[in-house]
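Two complexes, one shared chain (subunit A), two partners (subunit B, subunit C).
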Partner chain A sequence: MERSDVRSFYILAAFLVCAYALPFVIGVQSGTVHATERWFAYLTTVVLSGVLQGGVYAMFAVGLTLIFGVMRIINAAHGEMVMMGAYLTWVCFFYLGLNPLLSMVLTLPIAFLFGMALQKLLLHAVVGQPELTALLVTFGFGLVMIYVAELIFTTDFRTIPFAPATIQISRRIAISQNKLISFVMAVAISAGVYLFLKLSRLGKAIRATALNAEVAMVCGIDVRRIYLITTGLGVALAVAGGALVSIQFGFNPETGIVYTLQAFAIIILGGRGHYVGALIGGLMLAVLESLVSLMIPNGTAMVELAAYALMISVLLIRPGGLMGVKES
Partner chain B sequence: MIRALAAAFVALLVLGGGSAWAGHRLNNEVLIGGAISMTGQYAEPAGRQVNSIKLWVDEVNARGGLLGHKISLRLLDDKSDIQTAIKLYEKLITEDKVDLVLCPYSSGITEAVANVTERYKMPFVAYGAASSPIWEKGRRYIFNIVAIAEDYQKGAVHLAKQIGVTKIAIIGQDSLFPRQAGKGAKDWAKKLGIDVVLEENYPTKQTDFTALLQKIKAAGAEAVISNSYFADSAAQLRQMRELNVNFKLFSSTVGPGLPNFPEQLGATAEYVLGFSQWEPLPHILKHTGMKEYIDAYEKRFNEKPNYHAGGAWGALQVTEAAVKKAGGFDSEKLREAMATIEVNSAFGRYKVDAKGMNSHEGITFQILRGQRRVVWPEKWAETKAELPMPEWGKR
Partner chain C sequence: MTRREHLRNLVLLGVVGLGLAFLPHGLSVYLRSFALFTMMYVVLALSWNIISGFTGYTSFGHVAFYGIGAYACAILVADHGWPWLATLGVGAAAAAVAAVALGYPVLRLKGPYFAIAMLGAAEGTRVVATVWDGLTHGGVGISFPSTENSMATYYAMLALMLVTIVVAYVVGHSRFGIRLNAIREDEGAAEALGIDATRYKLAAFTLSAVFPAMAGGIQAYKVLYIDPPSVFFVQITIAMALMSMLGGKGTVIGPIVGAVLLYTAQELTWVNLPTAHLIAYGLFIVVVARFMPRGLMGFAIDRGWARKGMVH
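Our next item is the complex of A and B:
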């Protein structure tokens, strides 16, 4: 690392410490923080739940960062693909009677093929074009997905009643079963993808393409095939994310945008194109959101403000993100 | 000559646009029009209002029409979109020259459309809007019929008082209607001597309420007044159960009133309080003509009318009475009639104050064994509220 890079890392770290301390400071001042065993139990519940949530966010952010890293395409329809995952899971649950976790065996290959088709028909045309072109194309595609979903499923909210039990850790600390299941699945899937990229030949080819597509091509890597697989994998990760959020929260065709924005914030925080960075970013974002909501008066209304303030600050201090390297 | 013709033309335009009158139409018809959400997020409640509108038009025509004029109905779709609604009302009033306007659905769209109808002096009874700020801007041609947002939680706060709750939390979505409902709940709590220990709004697309629920607990609240729609109130309840967070009372403004709420949530929806403007219970509410309306509606649409449908019907009855009192469709006379008339409709009594606001009384119900049962006010209660809510572990 260069010296300036190291310095910006430390500045960012210092800033983050302050950012996470701020809710506590405001909480103490406004009397929402109490030094009682009971209150610490509430805090623990909230932080735990934030960590569990962050794991799931991170997983679909990995999909976004993968597509960006390899093709420099910002997929603005990523959240809509999460939404698609939620609906696929819903259809499997209510029409085929499939367990939402089992249904991934069916939905992930579908998502992979969908991603490949998308790459072939739409994204191939914008690889290598200015980033804005890809952004506009995927944004438009996201709108098409929303309207198609509205046509098929209407705008009604859907929920999937799966694993609604409570896991009581201590007398006062509890987490919900579906959150824990989602987290475990998300970590397993993310770890699988990470190992695939690190160890397998194909994974190495994907990383090589991400580093430099031309050199990869010279070395005999079929870059177009790599692009197909990358988009397939990215969409599959989004759909898996959709399956995991669908068992926790209600959704309708318009919920995708929330997840797109969250994934953006996470990869900016963690570092674009960086997989471990996305995991760290996901956890950090979810925990910060929880802390702001718990301690700042009317903080729940400020959760989004806090998330984007964090994102902008990171962009100002260290544009490459926490784990990212300086872009040339 | 040309100048005279131009003057005549302008005069015609002014007359035609300014005071619409039924006699100018073919077949002696009267044209009634409005834009309402047939698609988009408001399609469900608005669709029920359209049912009542169609029923009313056919019934009036079968009786020989409005002051002897047959009604011709022009309904357009605003796609649940404010800008579209504004354009369509401009078109209805200036191009189609409707004699009477119907109102749109939702406070947001009504607030925007009221600026158009006000400009053209077209009076109407707004059955699709419950936010009182609409009537606090000195508007003269819009009249309220339904209970206002500030009263949605009145019953819940009274019930909280009855079971000895001393500390409540008021939470709600960060938008116009829930904020007004929260303001009203706070005022009622103050009047009844209940301490509001937490007030919090959340963004419209919030899905995770874990931190907020812990915060409510940490603040020591015994009951939650949630000014929420379907998705958010459902998420709050699910997460309360999943995290084993218990309150003595939970009340939501809109969600529990929708038929699919108990269906989708199952046992989790039990004991929840909700608000309704009106219920199809003629033996309890005893409003004039209620039974006849409910029977006619059920016969035609194979379901009982809900409060959206009932409100629209009541407003149309008021409109009809006002037209009769005004003796025509002159907008000033009609406005005067709507402002002064007293009508006992199937929806309840209509008599507005100087601001144009009615004082409709709503109903608080509780979901008990999958059914909505009226529990407040006492004069209309079908059953006694089962409160405090049992803990999740003991159900």
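Our next item is the complex of A and C:
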């Protein structure tokens, strides 16, 4: 590593330490921190569920980072695809009576095909264009998804009652079962995709295209096919994320934008286009969010602010994120 | 461009301005406010175009300045009893300060990173407006004391639009504008030629923040109620970008044409397709961005219907 690179890493690390300390400082000042055993148990619960949630965030952020890494396209409709996954799971649960985890067998191939169609019809044309074109195309597409969902499902909040029981870890620490199941599934899927990218021939071709599309083309890789598969995979990951989110939180057609911005923040924190970076970023963001919501008054709004502030600060301190991705 | 052509354009603008000045007396209340909002979008698209069209830094969070202007107006009028015209100046100043403070660090980012950072900044501003109860009344929003204002706001918006057009035109034809274009085409080369890119970018960014803030103030006074989701609405930014793109990004006439066309189309679909108008709007965004990235002006130049010089 170069010296400036090392320095910016340390500055970023120091910044993150401060970012994690800040909720505690504010908490002490506004009296939401208590030095009792009970409060520490509460803190542990919240941080633990943050970690579990982080696994899910990380998984759908990986979808965004894949698409961005390979094609330099920011998918502004990524959150809407998460939302689509939630609704697909909901339909499977209430109309087909399928278990949300089993229904992925059905919804993920659908999502993969959906992504391929999207790539074929819209995104092929915008690869290599100025960023505004891709942003507008995907944003417009996201709007269509939102309002189509409103037509079909109305704006009512939906929930899927699945595994709502809690697991008692100690006398005071308990986490809900669906969070744990989501986390395990998210880790399994992320690991599976990681191994696919690392080991399989196709995965290597995807990584080669991300590294340098022209050279990949010269080596005989069919880059357009790689783009198709990448978008299919990215959308499938978002939809899987939607399935895992839907069993934990309520959702309506407009919940997507929050997930989009969270995924942006995660891939920037981790280093855009970087797979492992996105996983680490997902965990870190979720833990920060849980600390903020626990200790800062007005927490729910502040959670959003934390994500945006983190994203902009990382861009300014170290645009390559934790992993220090270089501009190619 | 020759002096004659400049003079011709000035006369043209004067005629349009005069026409619009006499227009509202013959119009229904609905059409008057339609005209006002069309003019507002001309202001917004033209301002966005100064930083994103001329300079090439795609701002995906310009609505932040619009919202700041709207809040400056609402707070000062509703809570402190200021005359509303004076608040527009305060809003513009606040937006300028915000633009310098935000732009100085963020304009170092390029391409998609600048766009994302601006999107985050705008959403962040919305959250601040929601959380800062003491100043903004939080999520409840602010209501103005009710007044008859449709004529006053119409003329204010008309004046603002004319000023914005003149400023955008002057910028587009000045050395300043040429330097901004140089930064857009190749920032490194521009710096090598001795252009202080940071300063020019910051100036363009600040200039592009001032007019949306005033438009936001006028709009707030027109509808007499604001709350964070309505004045920090992401789709207002999208509209600015889309209108500029539809007409022709980086030109002066393009964003004006785009704003008029798109706002009219939006209103027509809203009236005629109440259930599906937002779907139609989304599809329209996709189609324009996908098939016409250089806009109508680019389309016309390609076919020889317009000279490059005429467009600027």
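As a convention for this text, the second predicted complex is superposed on the first by the 324 of 328 C-alpha atoms of A that agree within 3 Å, B and C clash if a C-alpha of one lies under 4 Å from a C-alpha of the other, contacts with A are read in each partner's own complex, and residues count from 1 in each chain.
Keep this in mind: a residue touches a chain if its C-beta (ideal position, glycine included) is under 8 Å from a C-beta of that chain, and two chains touch if they have at least 3 such contacts.
Since the model is a prediction, treat every value here as computed from it, not as a measurement.
Engineer: First (subunit B), second (subunit C), both or neither: which does A:132 touch?
Structural biologist: It touches subunit C, and subunit B stays clear.
Engineer: For A:161 in the superposed arrangement: first (subunit B), second (subunit C), both or neither?
Structural biologist: first
Engineer: Tell me the contact category for A:144 with respect to subunit B and subunit C: first, second, both or neither.
Structural biologist: After superposition on chain A, A:144 lies in contact with subunit C alone.
Engineer: If you stack the two complexes on chain A, which partner ends up touching A:8: first (subunit B), second (subunit C), both, or neither?
Structural biologist: After superposition on chain A, A:8 lies in contact with neither partner.
Engineer: Where does A:298 make contact in the superposed view: on subunit B (first), on subunit C (second), on both, or on neither?
Structural biologist: both
Engineer: Does subunit B (first) or subunit C (second) touch A:99, or do both, or does neither?
Structural biologist: A:99: touches no partner chain.
Engineer: So which bits of subunit A does subunit B touch that subunit C touches too?
Structural biologist: After superposing on chain A, subunit A residues 257, 298, 301, 304 contact both subunit B and subunit C.
Engineer: Using the touch definition from the top, list the residues of subunit A that touch subunit B in their complex.
Structural biologist: 32, 34, 38-39, 42-43, 45-46, 49-50, 53, 154-159, 161, 164-166, 168, 174-179, 245, 248-250, 252, 255, 257-258, 289-291, 293-295, 297-301, 303-304
Engineer: How about subunit C: which of its residues touch subunit A in the complex?
Structural biologist: 52, 58, 60, 105-106, 108-109, 111-113, 115-117, 119-121, 123-124, 127-128, 130-131, 234-235, 238, 241-242, 245, 249, 275-276, 278-279, 281-286, 288-290, 293
Engineer: If you look only at subunit A, which of its residues touch subunit C in the complex?
Structural biologist: The touching residues are 72, 74, 122, 125-126, 129-133, 135-137, 139-148, 151, 257, 261, 264-265, 268, 298, 301-302, 304-305, 307-309, 311-312, 315-316, 319.
Engineer: Within their complex, state which residues of subunit B touch subunit A.
Structural biologist: Subunit B reaches subunit A through residues 40-41, 43-44, 171, 174, 199-203, 205-208, 210-212, 214-215, 217-219, 230-231, 234-235, 238-239, 241-244, 260, 264-266, 268, 392.
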